[in-house]
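I have placed the structure first, in the form of structure tokens, so that the comments after it can refer back to it.
Chain lettering (A, B, C and D) follows the sequence in which the chains are written, and residue indices restart at 1 in each chain.
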Amino acid sequence: MRIGILTSGGDCPGLNAVIRGAVLRGFAAGDHTFVGFRDGWRGATTGEHLVLDRERIRGIAKQGGTILGSSRFNPFDNGGVERVRANFADLGVDALIAIGGEGTLAAAQRLGEGGIHVLGVPKTIDNDLNGTDYTFGFDTAVQIATDAMDRLRTTGDSHGRCMVAEVMGRHAGWIALHSGMAAGAHAILIPERRTTMDEIATWVTDARARGKAPLVVVAEGFIPDQADDPHSERGLDAFGRPRLGGIGERLAPQIEALTGIETRATTLGHIQRGGIPSAFDRVLATRMGMAATEAVLRGERDRMVSLRGTDLTTVPFADALDELKTVPAERYAEAEILFG
Amino acid sequence: MRIGILTSGGDCPGLNAVIRGAVLRGFAAGDHTFVGFRDGWRGATTGEHLVLDRERIRGIAKQGGTILGSSRFNPFDNGGVERVRANFADLGVDALIAIGGEGTLAAAQRLGEGGIHVLGVPKTIDNDLNGTDYTFGFDTAVQIATDAMDRLRTTGDSHGRCMVAEVMGRHAGWIALHSGMAAGAHAILIPERRTTMDEIATWVTDARARGKAPLVVVAEGFIPDQADDPHSERGLDAFGRPRLGGIGERLAPQIEALTGIETRATTLGHIQRGGIPSAFDRVLATRMGMAATEAVLRGERDRMVSLRGTDLTTVPFADALDELKTVPAERYAEAEILFG
Amino acid sequence: MRIGILTSGGDCPGLNAVIRGAVLRGFAAGDHTFVGFRDGWRGATTGEHLVLDRERIRGIAKQGGTILGSSRFNPFDNGGVERVRANFADLGVDALIAIGGEGTLAAAQRLGEGGIHVLGVPKTIDNDLNGTDYTFGFDTAVQIATDAMDRLRTTGDSHGRCMVAEVMGRHAGWIALHSGMAAGAHAILIPERRTTMDEIATWVTDARARGKAPLVVVAEGFIPDQADDPHSERGLDAFGRPRLGGIGERLAPQIEALTGIETRATTLGHIQRGGIPSAFDRVLATRMGMAATEAVLRGERDRMVSLRGTDLTTVPFADALDELKTVPAERYAEAEILFG
Amino acid sequence: MRIGILTSGGDCPGLNAVIRGAVLRGFAAGDHTFVGFRDGWRGATTGEHLVLDRERIRGIAKQGGTILGSSRFNPFDNGGVERVRANFADLGVDALIAIGGEGTLAAAQRLGEGGIHVLGVPKTIDNDLNGTDYTFGFDTAVQIATDAMDRLRTTGDSHGRCMVAEVMGRHAGWIALHSGMAAGAHAILIPERRTTMDEIATWVTDARARGKAPLVVVAEGFIPDQADDPHSERGLDAFGRPRLGGIGERLAPQIEALTGIETRATTLGHIQRGGIPSAFDRVLATRMGMAATEAVLRGERDRMVSLRGTDLTTVPFADALDELKTVPAERYAEAEILFG
């Protein structure tokens, strides 16, 4: 077979390991060849591609980013199934491995309904896709955030300050939950858990009373409940839109005002998603790439690779797309015990 | 309740996070207290201990090693159940959380049979205990080994050398398998997979033919099959004892002789088991500690904490003790595809 | 002698290594003892202190922050020389080692004029104190910034974006210069070098034309020259005050507007100054602490420890205080060659 | 001009940064071009080379190893000056930048005497070349060794063991000195300092008596003084040859025998010289490469680039070649204070 691969959406440590794993699995299985479409769905639509031979994938497993490039291009605004099908015919491509997040997998599902042989590999640094225990990139992001918080703590301790660290997580607080647990945070603020400023202030004040410099971890998608703002309760701004970004910087002065403790915020930002993947992510991503090719060669379609325990399997796209995987209440309760 | 904790056997990144998680879980559940026995079973037998209050466990989750100390002391050679029972009575200890490997869990099982309320937390840096998806410390060890191999590769590439990296793994090759996959090794040698020197030489020569500096990862417990040595086939030396240690240094000249490629070995040794735990291990270890206390407080006994997927549960000691968790053939086959 | 030590101003990796070096040097030289004043000049003024014995300084060289605490307290607003002298008499303190930046050293100089036996250790993460080749903490900050930029580059490359990294450096661009050189930046923006938005846009566009994802490093104290704003030319806002902070976030949309290249900013912030010091900084800081005690014991006063090549010496306070050590034009020109 | 570059001897983090700095400096200065000879002096002798254009040096500053390859080839056994001159004439090469250690610089000196326009860049991971404050690669090696020792300490502390770490340093103990100071070693053993087993045992026992797990750092070239072996006093074996390698493994049982403290050795080996260079080394190496090209273009010859304080300059080859830069007694005495 001739198999196309594309990476779509935000970059994520491990994308190149998926590509390498998929290609080497195909080479081992027989006389299969691979092309990579450039910049995600854009390449699948325009036909722009590169040939993925042994030389091209050499040594890439430990490189961050994606050698194929990525974009947030919507194939259905740009000719959709017909153009993809035409390009596949031109290039002799029989099947597609689409590596991406919710939007990519939804597009893959729709292409599948249009007759394209497609298989998905879930990608989200936020770890918020259902249908898989973990996605690659998440472990690296958690490690980077944890390392950063280990550093912030020494500054907090030296100056008796409260340090606020804003991490990624628009709709789900997995990075905040794990890095906060790992770094010993005294408060973890995530979109899934309604939390008032008073509650935050109490956690901070209690940590200080125990002689510690308080560490607050906040996911970028968190919005504090505020009694006097009916919108904020539902995480919306005055126009009814979800409010995102800069929450760490906005929280810091409020915490300082409520507690009297000097408070500083740091937004970790893009450093969480770039660079060398952790060993965990390299292994997971490599195995996901291999599993994707195996599934394609077995004739599976309209499914997504999935990690279950230590095994790789596949699940229908719908398992990932029905709803986000958010932090369940019992996992938050578990973390909350450590605030004390 | 008053709960005793001990850490036994070789140190492992995450031990302190287990202790902290167990203690804070107990404090959150009610008026429970904790004592830590010094140096593993020795402390449980002599009664030497320290009180684990909030101050004592502060900030320890990210420290390597164990604040309790460890040893390879056998309680049954030293008074056994009776002395442990007497110490527990003296100290008012109602139950024990024993953190350790196969030997520790077997001792815990035997104490349980003697009426002690005991719960286990599995610990092996080699990840070779059954009954759990992963053990803490393994992820850190794999990361350290992977980082080291990333470094070795540049030396190999610059000099056109074959580099051999010896990693931990006496009876199971998990560290070699994962770090080798992550680092892009051209040969992975583990105790579970019979491999001849000729096979190794072929992998090395093939990698070189493709223009690469060959990287060979070998678990310390690996013994090559050699046709002319009937003992070696069964992994025994001339006296019928298993042969361990220094395998990397022994392989290097043999590889060089067979392939004509200059070959150098590095033994990673103790750096794999010390130091700051990875974020993954801190989270896993913390959750295991919390799960252990929960199980004790629920009245569970004679069981061990276990990770299944993303959930923590408990399993009977026997699940871990019946046989080692070795690398299955299909996982090795998966890795072997990447040698090419 | 009985020697007091204090750490003042922002925290910096290596402070604890200075303390340890100073104390152990004193112990080796004879029957000298040490006290540490809490929270910088506040402790010297109030007398709040801890005894620095062997146990207290054990293992601290690799800890970030300062075990003494720090603050931005001005002794001369709070009783000044008289109160410090009285506390020294009460505690039997004969001399003071003051570890801090420009303000601290100026205060030390003034105390010295008032008759206090005082010696300084220069501390600035920005490396902008004259009279010494390097200050500790700078190497760690540069390494953290470089690691972060290595990560940002993979994101830039994957998305074809321009990445802007804001690093520390209020008055001098040393961190930006070194981390930018190390990370291969295509533009380095520092307070010492007047740069227009057009010049920045040209660098970014040129990098893109050569097929690269542009990386721009900007020191927090940088202000672009803008022809239509007479204040900006002198780095002042409309009220004549220096404008600091958030420059990365402000530059990104301007770069995007001028070049048409999607641009994202990351502000590294506090992670640059906390955490485990680099080996370079541990050695430098330890040696500076030892040199400070040696100088005190030799009877030197009103001087500051200084690194010259590989040697430690002392210089008069005035050498550090006369003017800031800014990036000279030839060092910038050297770095600029690498933009291409 | 057309300038040749070669890298010779053992690899060292920063070699690629030197190459990039040299090439970009030449491009900035005018219409100069660069070729890289493959595998050190071998390429200069055979003429095998690659053209160093912008594309070829892109992104290499942070790569370990050398893109040119290296070898321990002696040009004077292989045609010497005549063959090098002939190749230079064929390729239009006007001058050579030779990056290497003592042997390489001596060969460069001899080629210079033969009329070749040659300039040297000193390279030794051991930092034992005279004529420069530091060489690149040393900082990275010290950091790797320090990180490893930080890990070893937690194992030592948990088990009450003495840990021995063997680091690089055949003739000079700089890596041992700096990493030992940084990691808080209780004994540092280097070739320059005659030390008996009794002295080592005393340091180890004293550290243990103060409640610490002893950490011993030993340079590979260290040989203990032993009263009953006249050869050992001069660092020779029974055949009068210097004895190198495996010293850590040999010391461990002797320390255990003398002190009764369980002792384990780890040999860091090749991981010290590979992989991503530290930011310090990237900046130093880049600047050295630039300084080399500047010197060549100024018409300097028969000299070597040198770091003095924060400045780069050049010195005659003889400054580096007259004698090794060993650890002076006062630097050892300084470190010894920290053992206590």
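Everything that follows uses one rule, which is that contacts are C-beta pairs under 8 Å (C-beta built on N, C-alpha and C of every residue); 3 or more make two chains touch, one makes a residue touch a chain.
Because the structure is predicted, anything quoted here is derived from the model rather than measured.
A.B. asks: In contact with chain A and with chain C at once: which chains are those? Just list them.
C.D. replies: none
A.B. asks: Please tell me whether the contact surfaces of chain A and chain B are same or different in residue numbering, using the over-half criterion.
C.D. replies: Counting shared over all numbers used gives more than one half: same.
A.B. asks: Tell me which chain's centre, taken as the mean of its C-alpha atoms, is farthest from chain D.
C.D. replies: That would be chain A.
A.B. asks: Just how far, in Å, is the C-alpha centre of chain D from the one of chain B?
C.D. replies: Their C-alpha centroids are separated by 35 Å.
A.B. asks: Return the distance between the CA-based centres of chain A and chain D, expressed in whole Å.
C.D. replies: Whole-Å distance between the two chain centres: 42.
A.B. asks: What is the distance, in whole Å, between the centres of chain A and chain B, each centre taken as the mean of its C-alpha atoms?
C.D. replies: Averaging C-alpha atoms per chain gives centres 29 Å apart.
A.B. asks: Got the chain D residues that touch at least 2 other chains?
C.D. replies: 147, 150, 276
A.B. asks: When you check every pair of chains, which ones turn out to touch?
C.D. replies: So the chains that touch one another pair up as A-B, A-C, B-D, C-D.
A.B. asks: In their complex, what parts of chain D are in touch with chain C?
C.D. replies: Against chain C, the touching part of chain D is residues 20-21, 24-25, 27-28, 54, 58-59, 61-62, 133-134, 139, 142-143, 145-147, 150, 178-179, 181-184, 210, 212, 276, 278-280, 282-283, 286-287, 290, 308-310, 334, 337-338, 340.
A.B. asks: What does chain B use to touch chain D in their complex?
C.D. replies: 7, 10-11, 13, 15, 39, 63-66, 69-71, 144, 147-148, 150-155, 157-160, 163, 264-271, 273-276
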